[in-house]
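Both complexes below contain subunit A, partnered by subunit B and then by subunit C.
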Partner chain A sequence: MYKKAQISSTQLSILMIGFILGSTIIIVPGSNAMQDAWIAYLAAWIGGFLLFSCYYLLYKKFPQKTLVEINHILLGKWLGTIVNILYIWYFIHLASLVLRNFGEYTLTVTLPETPLWFIMACYVFVTGYSVRSGLEVTARTAELIIPFIFIFQVGIFLILLPYFDISNLKPILAEGLQPVLMASFSVLTFPFGETIILLMILPYLHSSGSVKKTYIFSFLLAGSILLMGIIRDLSVLGADEIARTLFPPHYTIQQIPDLNIDALIGVFFFISGGTKICICYLAATIGIAQLTNSHDHRPFVIPVGIILLGLCIWIYESAPQMLNWAIEIWPLYSIPFQIVIPLMLLIISFFRTKNP
Partner chain B sequence: MIIVLLLIALFLLFLVDLPILYNSKNKLALAVYSFLMIIGILIVLIVAEDLAIPSPAIHIEKIVNNLRGN
Partner chain C sequence: MLRRIMGLLQYFKYKPKRHIHSDTSVLQYGDAIPTTLKELISKLKLIMNNDGDLVIRSFKLSAINCSEGILVYINGLTDKKSIELNVLKPLMAEAQENKMKYLKNNRKVIDIIINEIIQSLNCSTENSLDKIIEKLLGGSTILFLQDEKTAIIIDAKKWDTRGVNEPDTESVVRGPREGFNEDLITNITLIRRKVKSAKLKFEETKLGRFSKTRIVICYFEGIADKYIINELKGRLERIEIDAILESGYIEQFIEDHPLSPFPTVSNSEKPDVVVGKLLEGRVAVLCDGTPFVLLVPRVFIENLQVSEDYYTRPLYATILRILRLLALFITTTLPALYVAVQTFHHEIIPFRLFIAITAVREGIPMPTFFEALMMVIIFELIKEAGLRMPKPVGQAVSIVGAIVLGQATVEAGIASPLMVIVIALTAITGFIVPPLDGTVFFLRICLLIAGSILGFYGIIFALVVIFIHMCNMKSFGVEFLSPLAPISDGLKDTYIRPPLWSLLFDNTKFRALEDHNPTEE
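The block that comes next holds the complex of A and B.
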């Protein structure tokens, strides 16, 4: 799939929104900052914007190249290949993390008697089919279903408005700035920094001039949806209740009297999580195809799918371990992939432009 | 029994991709494909047999903890 596939800026925008929402929609980002989670989130949102500027500059330098190709150009054959293998691993790991989130959610909330492997196998099959069909199919599917998330999220926010207790957001910065900054770094790397993966699909956009506007729009819209979710969960449940709950948004929606719509959160997650897994899965297969000078990413869909299926079950022993890993380890583990390597590439690209 | 069925299923899936790989005449792609397939089967076997092999997450956690001095 050597840039034969083409997507519109609307489709890119929808994919970005789905990617940013991803599995963040079933958790409260920055919840370790307790009642200051919304401040941590806002700080991460701004930081995410700065990170994106770095990714965007890199994209502007090489508008027709994916991250894998950029690595090859700037780092040379050997170092570029090593970095590319690490990135492909990172994409597969991210996909398995989201997949496991999905499995744990389904197991905890909707299908407690069903074996985990079966839930995962169904999801890998569906996302694998989408990835095998190509980026355009994934983008069109997202275009069809992602807008519902925005409508429902606003609807739920308005329905719950009478149950908001603003005192749950106080005291502000009671523990000082440090916990907020720690939590905001965690949010910065999950989900905002993960948008580095979009460098794998940006070259497939048919008008490269609209990337900046598209990204800013998606970033603001997805960010607002998440912010609405955080304020809703904090105001309705309070920080202590959130700390005790595995999937707070689900529990928040159960607080609506006479209306049983908690399954909607699951539907949101199936949609946004599915989009995120598809993008990670697609990025990994495109990366492998480019690394092997293959003109088609499709042959790698099945092997990567089998790895994903096994890895998402093997990688964490339980849901608490998974959540703990996502908060404690993931931010530090992501630093090279989201910050160090892109910045290094950007610096090298400036030197290369000056001394071609 | 389940593992045998799983391996047969994987082999059948492998047959789906063979024509594309054969037509591309790309030995590197075929080698990487086979390597990924073997890795995938091994991981599935570890999960199916419930073998006590630490997952990559454990190793990454150790490295990260070492780096931050814990």
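The block that comes next holds the complex of A and C.
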């Protein structure tokens, strides 16, 4: 059965880093809070830790079970199945959002005349191939290519250092705490809360690996890369300009004189976003396989891929609508999946273990 | 339709049993040896179709003074001098004592001949005519006696072989210059001479229904993984073929991914390379009749490593390794990158260079993609022509290549000078990674097409697909990208070449996975 696939803790942490970076590296998380985006981000980071520990506790209760199986055990057959179907929908939805994100980025920035569906179909093909090959292969591929993102981000940060204008970060908390908190909630649900999906993958960790260490390490590393990105964009561009651009990091990198490497950021976005899509896609197919008591996730790869492709084309009208949705509606939409259901599961599991 | 195609692919993956000549009767001559020499001679002549190179020498066995015998051998495969001196001469010489012994003790003639008369190193007896014929064709000399159902096989072979020369495929600046030749025994000797250890095992089998080619599996006991050895033996056993003319035949039967552009079995012509890889835990397959020795498992990083890396000083070797990686990257992606930049990403070129490029490209009618494709193919054609040509004509090819590729195309306005530079760089770097020669061309074309369709995105799509494909691959249970992904202990000796004392001959580099069963429940 699929369960036999095993990944090492290095691979898991690299997958996690790729997942958290995901599509976040082409936007500025928390940009609603204007110049306080970094404060919003820090708050979200801390909140992310709390959510993380909640998911981790859930994992500790059932170390050999995926989220779908946990739902099944804790909520019973009927309710569990309904919640599982919702979760699988959530995974597919998230994957298609990231996919559309990438498609819009490519369309806006580099290839304005290429039809959207073509780029997306290529992307779905690549990720589908990776998912079909299984978790191990996905993890190995990530291991090969994710480190380049890290090098790239640090490199860009260093090149842009002379152009930093720290006064862009001021004034701090000029409009009070409320907008910052609102923004930070959106950041909490955008990259950090989505890690609930990793509960589908954690059971495949090799027994020698320690989940806690891997979690904390990758969370810190990915978080600091993102923080670096926010500070870079804020101090180079300023909050107003960020609010006016669709994809601020792309615009930031264009500020480097005599060096036009903005095409490369799309390539790196493809890598990190691809990892995120692969994980969502994998989680969805594994979830369906477990829901249907199937031994193999591979038969579901092509159907889910077709759904993904259709969904991501149909889901938005345009890029601004997409960004607006990601910032305004996504947090609310995610509350049950990222916060309510996991907390409920945790509480139920405490009762269950007390009275077996 | 899809099912059919999948079925075809499955066919390639798991070769079903196919019996070409399932009846082996062609090769059977009846087991028993005819008792009278006359019958025997006529039968032998019948079997061998009265061939001119079959020599039958009848003589009288004066040594035991009892009967007649014949010596049979194939002309040209036998060491005639040795047979004359050590077999024929003692047999025909008068020797009273032996005769007496025979009479007194009632011992068998065969025993006496082997133990006391023949002075040859390698003697054995054989009853079955089939096997005798096989040995005869293999170069042994056979001694038949009147009224005996057993024949004596004298193993005194001699034929002309090429000397131990420096191989053309793997020339080195520093390191031993000897290479294998076509003779199996010489090749084994070359390996044995490098390592004087009883742990070095040679196991012989025969392959090929007609050719009966001798195949030797060679490995270090205790270092090589048992799983790999058994898997290799199993795969060799399943080979059904008429003749093995080169180890390439074996390679195609035992490789894991016949349809992949990446080879999963490596080969070498040099004993020091083979011994080095044996010490790393690999298994070698030596095949009679070819200097190329197969080595399994093969992992990707081996393509970037050369035996010379370990003979030169670590710093220099490390730089060379990184350069080789760069060369591999350039040779596969440079035409694609050029096309992508020209077609989609003008902004990435510095402005002045862009103006220069545009000025140069002005008169060229074709899109960059076709220009690049054409030049890549022309280069490959010239390379192939240079390989197959007799040496004196080779010069003509290089002149034509230089003028056609270098000057005329540019002057005629078919290709831009920049494209010529790109192709030249691609070609030169292609020679730096010779083990991946065929692969690189395939990847180059794939990336070129991808790059011309979607620019950088196309290239990265194609590269990631190639990465996933490589991650999927296994060679004899070992992941193809082994020390790189999944990251494992061998990582130390990949991109860099650490000093030898820090490597400490880490022999456990290639252990196949614990979990070998491809069928999971």
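In this section, the second predicted complex is superposed on the first by the 352 of 356 C-alpha atoms of A that agree within 3 Å, B and C clash if a C-alpha of one lies under 4 Å from a C-alpha of the other, contacts with A are read in each partner's own complex, and residues count from 1 in each chain.
Throughout what follows, a contact is a pair of C-beta atoms (placed from the backbone, for glycine too) under 8 Å apart; a residue touches a chain by one contact, two chains touch by 3 or more.
Bear in mind the structure is a predicted one, so any value in this text is a computation, not a measurement.
Q: Answer with first, second, both or neither: which of subunit B and subunit C does A:Y129 touch in the superposed model?
A: second
Q: What is the contact status of A:S218 with respect to subunit B (first) and subunit C (second): first, second, both, or neither?
A: In the superposed model, A:S218 contacts neither subunit B nor subunit C.
Q: Just subunit B (first), just subunit C (second), both, or neither: which does A:T106 touch?
A: second
Q: May I ask you to decide whether A:L332 touches subunit B, subunit C, both, or neither, giving the answer as first, second, both or neither?
A: First partner only, subunit B.
Q: Does subunit B (first) or subunit C (second) touch A:T195, or do both, or does neither?
A: So A:T195 meets neither subunit B nor subunit C here.
Q: Looking at subunit A, does subunit B or subunit C touch a larger number of its residues?
A: Answer, by number of touched residues of subunit A: C.
Q: For A:T292, using the defined touch cut-off, is the partner it touches subunit B, subunit C, both, or neither? Pick first, second, both or neither.
A: Touch partner of A:T292: subunit B, not subunit C.
Q: Contacts for A:N260 in the overlay, against subunit B (first) and subunit C (second): which applies, first, second, both or neither?
A: Second partner only, subunit C.
Q: Let me check the overlay on chain A: which residues of subunit A are in contact with subunit B and also with subunit C?
A: After superposing on chain A, subunit A residues 295 contact both subunit B and subunit C.
Q: Can you check the complex and tell me which residues of subunit A touch subunit C?
A: Within the complex, subunit A contacts subunit C at residues 1-2, 4, 8, 10-11, 106, 110-111, 114, 119, 122-123, 126, 129-130, 133, 136-141, 143-145, 258, 260-264, 266-267, 270-271, 274, 295.
Q: If we count contacts the way the header does, which residues on subunit A are in touch with subunit B in the complex?
A: Interface residues on the subunit A side: 93, 117, 288-289, 291-296, 298-300, 302-307, 309-311, 313-316, 325, 329, 332-333.
Q: Help me check something: in the complex, which residues belonging to subunit C touch subunit A?
A: Touch residues, subunit C against subunit A: 344-345, 347-348, 350, 454-458, 460-461, 464-465, 467-468, 471-472, 479, 481, 484-487, 515, 520-521.
Q: So in the complex, which bits of subunit B are touching subunit A?
A: Checking each residue of subunit B against subunit A gives 10, 13-14, 16-17, 20-21, 24, 26, 28-29, 32-33, 36-37, 39-41, 43-44, 46-47, 55-57, 60-61, 64, 67-68.
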